[in-house]
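Both complexes shown next keep chain A, but they swap its partner, so chain B is in the first and chain C is in the second.
Right after this comes the complex of A and B.
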């Protein structure tokens, strides 16, 4: 795996990911996740929906850096991700992390592809920036899929004081479904953006909207 | 589509994720029109960071274009405190969620705070000063130099007069150490002579200000220190 993918997947990467819980704060508030036992189901369904979508678009963006793409391609890819993200709160969270990742990426890995992307989309979605920075479709998909579950897993440790060894093991046991998700993402990486898969989780969409609505009146520790 | 949806404690929130009903995403380019000077205010829980922020807004609000980013977990409470104090227009206050890690948000990954500062700079071109107030943390918390140009560390006499002696990066490296609530020192058995001499011993030449916002609500000594940092303005 390329070093860039490892750095971006590291929780110490300064791209703003640590303030996002991937919907698990809302699930914790509603007592849908209360212990280590509840985590595998939450994380697996997140991996197969939001995680698969992120992996798909990360791989597609990485693939686009390896071939000639027409002017406007980045904007189209970004719009297709928008179209697959019905929750305004999730679009905002994705763009916030995309902006943070781009801020760090401009310093660490400047490239013509990154300049083209930011020229067309100044605040692109997170998986698209990630894909451009990594540049290898399967590695980009792995980083995106891993972040889709490692973020909520670490948020669960902070919110519930869970046993970090148990939580780490839960994430490790997602290896096989994560490989499947990433293999599929890499398979379709070169397809027309409009035809890319559109996995979705209405539950996570609702959590994200409810979380954003409640920021105004109750304490929320995470931005999403 | 609209979904009414409750969660068991007596009130309801309207959830709306119809993409055609939401406002457009705000993802236009950030205009760069020079940037404001940024001062970080850190320190333990309850030491008086928000009160000092309010005092600085009172002292400097008339002479400077000012805005505040607050990181407290009770973000709306802090924002409310500043609003009720009437020291700053509410739209000049941005709240940031730190994912239960206040020191990470000011030191290791400053993304959320930088975003908030840049939102304020977009809304108010020509800002002179942005105050970034950290969530309450421990004695090791410091602001990254990528976020704050200068930083103030706030401790108080009620936290114990041994705090400056304990050191830690907050006490030893902050550009200014403020010892707050000197008016209650005699009530909590804190020896101000010990506190200030320990502070000076730990900090070498770096400045220390002991103050009481009860005696001097506008924090004149700290405000003067802030003024000394800012470039001379031509307004």
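Right after this comes the complex of A and C.
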């Protein structure tokens, strides 16, 4: 795996990902996730829905950097990600992380592709800017899929005081489904953006909207 | 069984007329009379469709100025075929600028052993109000497999693309999918001003990026799901 992918997947990467819980704070508030035992199902379902979507678009964006794409391609990819993200709160969270990642990326990995992306989409979605920075479809998919579960896993440790060793083991056991998700994302990376997979996560969308509404009214630890 | 039913509504200057109305068993389209300037068509599925092996297709076109309501009279039971043969259904909607379609297909109940792929494709330049209800199995029944996809566009602009696969016990119960509920109801409004987000414990309403509003509710039964959806659309 390329160094860029490792840096971006590292929780110390200054892209602002640490303020997002991937819906687990709302699940904790509702007492649907109370212990380490509830984590595998939450993380697996997140991986196979929101994680698969992020991996797909990260791989597609990385693939686009390796070939000549016409002007307007980044806007199309952005619109296709929007259409697969009905929750306004989820779109806002993705763009917030995209912006932080772009800011760090502009300093670390400036490239014509990054300039083109930010020229067309000044506030890019997180998986798309991640894909452009990594530039290798499968590596980009791995970084995006990993972040889709590592963020909520570490948020769960902070929210519930879970045993970090147990939580780490839960994430490690996702290796096989993560390989499947990323292999598929890399397979379709060069397809027309309109035909890319669109795995939905109605439960997470509902939680994201509820979290955003509650976030306005009461103190929450995470932004989403 | 392979069937393709078609319905085309146009505005003739004073009212909506059904220029084409072609039923094909097991999809029956029954127009209601005396509905004023708007047209109402009842969608009647035979009791045993879709069944494994069936490929059903319904095409609805609404021209400029026309107002069409397509309303199912009953729930749809998705049933298994012999030897697990898969079934498919495709609904194509084409609503011209200035046209309006209300599409209420009724609850879809995924019975045990079913293996169905449902797709809704719509090019919506005008107005669309669609309500769908998905039920995982009859009371106390484990659902079969269903992959349901929505592709809605306005010309080249994608509005909503979503695929949900149910029938994997691990995912069905998960928070990402139906969070342990048996019923999901959605209402999609396109072609009117997007409404501000709102949410309750098991419902939410959100504005789509390219215009339109999607309301979603999760519940243990159809009646509760529809009541929560009502809360989401009227809040």
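Definition applied: the second predicted complex is superposed on the first by the 224 of 224 C-alpha atoms of A that agree within 3 Å, B and C clash if a C-alpha of one lies under 4 Å from a C-alpha of the other, contacts with A are read in each partner's own complex, and residues count from 1 in each chain.
Basically, contacts are C-beta pairs under 8 Å (C-beta built on N, C-alpha and C of every residue); 3 or more make two chains touch, one makes a residue touch a chain.
In this text the structure is predicted, and so the values were computed from the model without any measurement.
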Is A:23 in contact with chain B, with chain C, with both, or with neither (first, second, both, neither)? second
Looking at the overlay, does A:173 come into contact with chain B only (first), chain C only (second), both, or neither? neither
A:80 contacts which: chain B (first), chain C (second), both, neither? second
Under the stated touch criterion, which partner chain does A:91 make contact with: chain B (first), chain C (second), both, or neither? both
Now for A:191: first (chain B), second (chain C), both, or neither, which partner does it touch? neither
Now for A:206: first (chain B), second (chain C), both, or neither, which partner does it touch? both
For A:32, using the defined touch cut-off, is the partner it touches chain B, chain C, both, or neither? Pick first, second, both or neither. second
Have a look at where A:49 lands relative to chain B and chain C in the superposition and call it first, second, both or neither. second
Which chain A residues contact chain B in one complex and chain C in the other? 82-83, 86-89, 91, 205-206, 209-210, 213
Contacts from chain A onto chain C in the complex sit at residues 23, 27, 32-33, 41-42, 44-46, 48-50, 79-80, 82-89, 91, 194, 197-207, 209-210, 212-213
Can you tell me which positions in chain A touch chain B when the two form their complex? 12-21, 29-30, 82-83, 86-89, 91-92, 95-96, 99-100, 103-104, 121-124, 155, 158-159, 205-206, 208-210, 213-217, 219-223
As the complex stands, chain C meets chain A at residues 149, 157-165, 170-171, 173-179, 184, 186, 197-210, 214, 216, 218
Any idea which chain B residues touch chain A in the complex? 3, 5, 7-8, 13-19, 22-23, 25-30, 73-76, 96-101, 104-105, 108-112, 114-115
